[in-house]
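Presented below is the structure to which this report refers.
Which chain is which? They are A, B and C, in the order written, and residues in each are numbered from 1.
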Amino acid sequence: MTRATKKKRNEFLYFAMRNNKLKIGAVIILFFLVLAAVGTLLTKNDPETFAGPMSSPPSAEFWFGTTFFGQDVFSQFVIGLRATFLVGAVGGGLATLIGMLVGFIGGYRGGVIDEGLNVMTNIVLVIPTFALLLIISAYFEVRGLFMESIFIGLTAWPWAARAIRAQTLSLRSREFVDLARISGMKPLRIVFSEIAPNMMSYLVMAFILQFGGAILIAATLDFIGLGPTQGFSLGIMMQYAVLWGALPLGSWWWFIPPGAAIATIVGALYFMNVGLDEVFNPKLRET
Amino acid sequence: MSLRVEDLTVYYQTLRGDVRALESATFSLADGEIMGLAGESGCGKSTLSNSLIRLAPPMKHIKGRVILDDQELPIADLHAMNEYRFTEISVVPQYAMNAMNPTRKIGKMAEELLRSRGIDARKALPELERRLDLVELDHDVLKMYPIEMSGGMKQRMVMVLSTLMDPSLLLADEITSALDVSTQKAVAKMLVGFRDREIVKSIVVITHDMSILYQIADGIMIMYAGQLAEKASTETIIHSPRHPYTKLLITSLPKVGVKHDEVRLKGIPGNPPLLLDPPTGCRFRERCPLAFEPCMDVPPFVEIEPNHFVACWKEGGANA
Amino acid sequence: MKRYFGRKLLIYVITFFLAVTIDWLIPRLMPGDPIQNMLARAALNANAAERMYTYYTHAFQLDLPVWQQYLSFWNALLHGDLGISTYLFPTPVVDIIKAAVPFDIFLLLPAILLSWWAGNKFGAYAARTKRLDNTVLPIAYLLTATPYMWLGILLAWVFGIILGWLPIAGAYSYTMGTDLSWAFVGSVLKHWILPFLSLFLVGFGGWAIGMRNMIIYELEADYSHYLEALGAPRKLIRKYAFRNAILPQLSGLALQLGVIVAGALVTEVVFSYPGIGYLILSAIQNQDYFLVQGCFLFIIIGVLLANFLIDIAFVIVDPRTRKGMVGE
């Protein structure tokens, strides 16, 4: 690493440490991550068994109260958190990966390949993919969390592909890329050793947005009963809550935590994203 | 005396400390004068120009005054300066190619700019069209969007827009560097036309291109590393410069009539100092062939003969 | 401009073609005998089941070669024949959709347009206004990150259950006739408020943030700096920045349509609001393939149409597309 890039890194780090949006967002995400990781250790209640009293409000025994069937809401909640992070990581990760592939190839290669990929991207962009997801999900009698994440990733990539293509296009004609090309470097190596590192900030931000997007799509699918057929997720909790009359019964502890957690996690992700944007783009820093 | 700048000092505030981009600049500009401001990139010429019109963070006013037509400008007050911008002092920015709103027709933009100063655009239209003639632009450009214009057209249009209020002083920042050679000459001549027709009283032309200055400037001021080095009439600067930096700068220029790309510029050895932590004394010291003991102190910018100022201990400084 | 529309139209035509093909595949990809499956769900008496089986075997034309099935699907489609629903036998799918569409337009059009308009206005206002930027914008982030159905549930709980001000199910009171009386209009509006609000608020947050970020970019653009150097009033500078920032927001609207469709769907589910979203879910749950096909097709047409309208709007506000300087 040259001295100049090292200096630049240090500067980014300096601004990253000073950026409140980034810090607040990161702390929130970290909190929920830890909760998802160790949450099951905090309670000895099983999420499935009908152990407690029916529809009882939060107490020392049941931190988030119980469902209509007497299940512990808290233990469902922490398991749901895990599902949320898994969908975000797998779905968002896959979408970013496909987006990178399409964006890099299209942007770097240009020509007919780019035209073709562009048309494809625009088509997937225009199709209401959620309606498509509904139908795909309805095909399968048994659905898993992982499968759901894959489907989400397969339909959510066009946005990232577009942004990455535009960036690649602008980097392609830069001097250092020309230099690599003249020195006989293979296109694939150029993309990964010259272009990708120079748009790392973009890739990170694209991943964060896709992560949040995947969480929201999954929650929506789960809520209408087309999510995983086994286990719990925050969306499924909301579905059951509404289905089993949590509203008229006033069991707010059943439907508030899952939705609030999703909103806070995704909101924190978006918040981090704006913070990162300010770190990487000096013009946006508040003066 | 159109413009008087006294002891103007402006720093850039950065993470690693103040960048001392402009140090104690004192000079004046006569009515009707076109003054060239030249120097290598990063020498502070744009800082000087920017602090005259819009001294915004991270720039910070340290000290000094700017007097335009016997009025002191509140240069450190972003808001109070609005009264003088455009009407008394205006700028053709370096980024003139992108200075116009891409989604507004040129005529509409001119209209809105005028209206912001309480001027009815319809009444001003004949004058606007007269000025378009002056820069040889078709009247139809008013119905165009910036993307429909060539670089040269945009440059000339911005010149017209910036001078709509007949400012006393016009700052022209690198107005020719984005243009091809043939357009450069035409645009430079038009700038002179603005002064000759008294649309503007005086002009500061900021450029690193000495050949343009030779054609249009009455006087030239040379800057080095945030400090003024020399100021004199164009003839004097070109033919009998006194500051060692100016001398090196002039000899490194191609001879008049020789095209740039045919001659390799004989650069000046060494690099300008970093302004984050500049050396004390004369900042040219380390690259100067004549440097001696007194150069450890800052040389004053003194008038060694009428209208010829130099900051060098070997020259006027020794007598002061 | 021709090129711009040419490209767009090409994409739309391909998309439509693809979507219709997917639509056609829906019942055919299902495991087992789709008609049997479908009818098994629609618990009917023997007589009706018999009639329906004959009808659907004929309608699906499963006895014909595949390419012929495909062509006659297009043929029926172009004649406005989308088959007959099992779930609401024997109502034609077209009629069911026709009854649902007004509710969607009534709910979605104001929600989309108003949230876009208000969000942009507010975001532009909040940008670089420190007090608002630090107080209201975090709320906007939370709003745009809120799952539509959760906001719907919350609103229903607070305004419907706790306060009891507004109804939380249906599009109008079912005890009422559907004649155009004031009471009926009032009832429709009352049922409309909460689903509208769920869609509006989530959208509002997103647009406000988008606009806030765009404006900050634009205020750092050269043309903004030029205006500042000329001492132009803040109002004019902001106006210019807004004009340029609204363009990506407009294309953003086209990109968001898919998300809005998903949001509308779950919102309709939460409030049992009888639009297409509610319908498609019932159709899926009842394995009513014709109805699923019809709803999917309708959503596609709606989204393509909206995209096209946005393209036209884009040409009106962005001279660059009009002058043919931009490829897409």
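Note that in this section a contact is a pair of C-beta atoms (placed from the backbone, for glycine too) under 8 Å apart; a residue touches a chain by one contact, two chains touch by 3 or more.
What you see is a predicted model, and the numbers here were worked out from it, not measured in a lab.
Student: Ranked by contacting C-beta pairs, which pair of chains comes out on top?
Tutor: Comparing chain pairs, contacts are most numerous for A-C.
Student: Farthest chain from subunit A, comparing Cα centres?
Tutor: B
Student: Any idea how many Å lie between the Cα centroids of subunit A and subunit B?
Tutor: Roughly 51 Å, centre to centre.
Student: Counting only Cα atoms for the centres, state how far subunit B is from subunit C in Å.
Tutor: Each chain reduced to its C-alpha mean, subunit B and subunit C end up 55 Å apart.
Student: Please compute the C-alpha centroid of subunit A, do the same for subunit C, then give the distance between them in whole Å.
Tutor: That pair's centroid distance is 22 Å.
Student: Tell me, which residues of subunit B touch at least two other chains?
Tutor: Residue numbers touching two or more other chains: none in subunit B.
Student: Could you pull out which subunit B residues touch subunit C in their complex?
Tutor: Subunit B residues touching subunit C: 53-54, 56, 81-87, 90-91, 93, 95, 98-105, 112-113, 116, 145, 147-148, 158, 161-162.
Student: Help me check something: in the complex, which residues belonging to subunit C touch subunit B?
Tutor: 221-223, 225-233, 236, 240, 243-244, 247, 317-320, 323, 325
Student: Mind listing the subunit A positions that touch subunit C in their complex?
Tutor: Its residues touching subunit C are 118-119, 122-123, 125-132, 134-135, 138-139, 159, 212, 216-217, 219-220, 223-226, 235, 238, 241-242, 247-248, 250, 252, 255-256, 258-260, 262-271, 274, 277, 283-284, 286.
Student: Within their complex, state which residues of subunit C touch subunit A.
Tutor: 10-12, 14-15, 18-19, 22, 26, 29-30, 130, 138, 141-142, 144-151, 153-154, 156-157, 160-162, 168, 209, 213, 216-217, 220, 255, 257-259, 261-263, 265-266, 269-270, 280-281, 284-285, 292, 295-296, 299-300, 303-304, 307, 328
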